[in-house]
């Protein structure tokens, strides 16, 4: 049994290694030194305390978006709208912090609450459309993403614009989420993110409501027959997952980004989906996978800068890592592979 | 008779588990050969190996004495092997006609020649007396009709060796008679049949030979006319099973549920109820007899609060239910053994223990703070107790229910529903597809519940079961009640006629 | 964790500053591709030209997300680059953040605001008003339909200024002219540029000016298509490089000499006078100028007319 | 609105709907076999690049489209192998394609053209007028003087409808998306059918991408696909998995996109983002009014293990 679990970890690890080897070959073909490039990657991610802190900073929005997906999928809802919900949260938090005309920790709290509400609201809309009109949440959430992105464009070019570039004013200093260590960019937002991860895990696996939510996700008919309100659990999943993303947006804008600019938050939603699925919808694993995504992102920036390969090579390597890692763990579930391993270990244990 | 098929030393492994181990099995031309065994003995697995759906871990197959490697169902079709699967292989979104012609290779024409094909199929269905509505979607036809479609599908393909995996589980007695005559006709045409069923009567009636599987291994092969059901049961489960005689109750207590002129989708013959009035009292079993698809599902679902009646009144323990939803009914101690265990009863991706405490996670026994902290240890302990009490055979209670055999899945539901100490137990086809051991267990449990004062609403397409267990019998036909009969010495002839709408 | 308080592990950076025959290094970060045939390309070429002229080494990172701006710049700083060139105001925040941590690295922000510069940050500011006016002069002189079109990428202040001056300069020359305008909301959706131009042509526009990078190339293509194989009746004005010859419809370009401005910054770095200043680019210092004319489309008379107007603009007498 | 504005709007609608339509049909073929592919954006990007390159080098847009389609198949095989053979999650791999393929495209473009400010331009596919139909007054010239790709894509709508509703092979195809195990027991090779679906999907999605760079704009830039793959995905669901429905959805979307661009011009007071929302909001509105209880092929997104119960 132990060995089987070991294989479940080992195989994805090997596949990630393989992805890197292919990446190295590409880098070699580009005329750069692959060993050095890997060196840059690690240096970029872990080389200095600042860099280490950057990976943590980078992981925060990813954790929230991953948890957003994780929570919804656990209830059988394919929420692809993480990005929109994240942005709505960010916009609401920013609007509160800018428009309230005061600054201070209480404004921060207010702004975060606003972010949660806005994200939850943006999740509620597709939820209502699903339960009221039966609309597939995959399309509606994609549409709502576009609307949110465009709405953000409106906010930073017109509504809350400040100055000559299309961007909003920055969050006032006292409203910013404070840093944990004065000279590192890590804020208490990361603590919130981890706490949300733990809370989601606790809720899903250690409470009756979470149990019922998962049951609805696995088998709505059986859940209905056994007295769970399928509709309200689904709505709840929509709202809570939106709220998690919204909280992420608020924490990011109040702690790291401070203002809205063009392209903000782009891709976070889909990263979240990938992260949650790679983590096999486990909230704690989601936090960890999100951190590895961030490491890859931060490290690869340095690798790109240091070795001079085009950014697209880095993207290719990142995609390869996802492709290989997930394929590796998927492989472990194949019937033939299962039989193979059980025979392998069966024989060894007998010996 | 000449040998048609021989399977030699077949083993099939799933993960660590062997569903078949070194099985040898042989079929002669023109015979009906029955596979008999408990749930999970590996009958279906063996046949799935034969039709190429599963690849055996080891062993070989010979057809007409020649070794063949059947690597896909397509190949099996080509070799003249057809199978009616235990779980319907019907595409619900398509019509009966489309389901029958699926994968058809009769002509090379790219387009479907609807007229010609329909004519052929109708001729076939007329020949074998299998009545089907070709243009109806599968979702809109009753289970019995679906079973007929499955059989027709196999016949349409014209197999030399036809495997029937529990084809009678969803058929009425009349339809079973029809199936017997189909089997006779096929035999007369020189075709061979592998028959799988848990009903001894049927097995002894149709078979020429019987092979018994136990825990994945073939125990022996017997000639049908030289054996008895006692001997078969003994070989199968290792002990004798006598036909039980259950006592009947004539003086029931207060009513637990009453239907007063209840209607639901009146115009639907196969999914509606019209002006149904009935009553189940404490300590009695009310049996609903009738061909499947005459409103039984709807009756059960209204009685469990899943769907709401359109007119009339439903009274629980003498009053209107406060919330007409499953939750409200569960709180009034109504338990349900649903007709489709995997769809409505269990969450296959969750463990046995989760399914056992499914409805009661907020109970103080299983959680603190009104459900905000589950007591995992208490749940584990409780589940293990139930596992032992209800004889649920599994590797561990943490195992997913999806991988259990049908009998054990049913036991999980039974355990959950009976442990809730219901005042009303609604049991829909509670023993469908179960082997004799499991069937006996389920029936005994229902009687025991009744004797403890629970009212039981038994809905079953198995007429024998209704007769055996019920204290009163009601016949349902096209959503209407055709008559009510005492369970003690019931007029069998009269009831059969009522079931046919006469 | 094993994190230690160690300085960035580049001895190479420190060593490089000590060697006398130092080769300076400049790096550019860019959110669009440097091969976009528009803004990214113009900026990159500007940097490379300036570097060649001053003997510097160059590096770049392109197509990066806004979230990676800071990370990339930090990486360059760690690698010992002397100057970081950020071609747009959208990088300002990240620049300010990173510049504070790396006082020995110099940052040049193209189109940065006038208030941005600090001890190690300079703004490079081509005069958007003049650019718009020059284009307006060309459009006002060339338009026969009296409708001129403008396609913007994002609603940047510089873009807005270009549009306003484009329209007013054209009106100064020909009061009956009106301008139609739209924003693509993107710098790389070429197809959108096409659609916008096509529908503006449908509204009668016959001279176009765009400030949207790859979107502009889509617009030019739509114009070329409309012109067909016959006589060219709809024109486009290029920017920021001299695009003459790229498409048949280009009559002339308003050229911004990025290389010149970046070169000025490099000289400042070498002489230690960098920072706290805005490097302007305009007609006066030659960093903004009128490109070559397409002689087949613009006759000599019109050419002199335009050149005269532009001179007047430079002298401040245009429209007075 | 005068005549020329209306005809301009119609022609723009067709122009903007065509790439969506080709790609949406690609997704339709994929989903009909139970393969949800959200990597369309990525495949399109790659197809757009290959189409552009081939067109640039050979000057033959037809060859370019075919090469792009083949390239699309190539990319989609990654998705196919992982999701069909390894039974991995389809959404994850769609996403992976969306990261992988555009990066690869951008990388190749960089390798081929290096860093240059001169814009590489290729020839565009010529329009071909259909002899009699183009003489129909008013719209004839507009609708029947298009590139062959446009005609082909509308022809494909009809062929697809016939294929799925009238042919045996189409019926078998659909069965694989609905209940693969049942299809398998009927002698249909599910795995092969799924691979075929992925080949068709990759082919059309690649061609749809190439449409952008061979029939629409004559340059390649990194963001050229601009989320069209996701719109196509939505169009399939909106069109309820039937080709005429998908066509209507694409035309509707194309119409609102064309309309918003035209509304944007000349109304400078209203922020342009609000116009840009129109297609999305209208799609949501239309869906809400119509309702969409139909849930599509039953086995969508589910991995198929032959030996699974």
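Every chain is named by a letter (A, B, C and D) in the order it is written, and numbering of its residues begins at 1.
Everything that follows uses one rule, which is that contacts are C-beta pairs under 8 Å (C-beta built on N, C-alpha and C of every residue); 3 or more make two chains touch, one makes a residue touch a chain.
Not measured: the values here are computed from a predicted model.
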Result of counting contacting C-beta pairs for A-C and A-D, higher pair: A-D
Centroid distance [mean C-alpha coordinates] between chain D and chain A, Å: 28
Geometric centre distance via CA averages, chain D-chain C, whole Å: 35
Euclidean distance of C-alpha centroids - chain A vs chain B, Å: 45
Residue list for chain D, restricted to those that touch at least two other chains: 106, 110, 273, 276, 307
Multi-partner residues of chain C (at least 2 other chains): 63, 155, 185
For chain A, residues that touch 2 or more chains besides their own: 150, 153, 157-158, 310-312, 335
Touching chain combinations (by label order): A-B, A-C, A-D, B-D, C-D
Chain C residues touching chain A - in the complex, by the definition given at the top: 1, 3-9, 27, 31, 59, 61-68, 71-72, 74-76, 78-79, 89-90, 92-93, 101, 113, 154-158, 185
Residues on chain C engaged by chain D in the complex (per definition of touch): 32-38, 41-42, 44-45, 63, 155, 180-183, 185-186, 188-196, 198-200, 202-203, 214, 217-218, 221, 225, 241, 246-247
In the complex, chain D residues that touch chain A: 38, 78, 82, 86-89, 91-93, 95-100, 102-107, 110, 227, 230, 233-234, 237-238, 271, 273-274, 276-277, 280-281, 283-284, 287-288, 291-293, 295-296, 305, 307-308
Chain D contact footprint on chain B (complex, rising order): 14, 51, 53-55, 72-74, 76-78, 83, 85, 89-94, 98, 101-105, 109-112, 153, 402-403
In the complex with chain B, residue positions of chain D that touch it: 166-169, 171-172, 174-175, 178-179, 181-189, 297-298, 306-307, 309
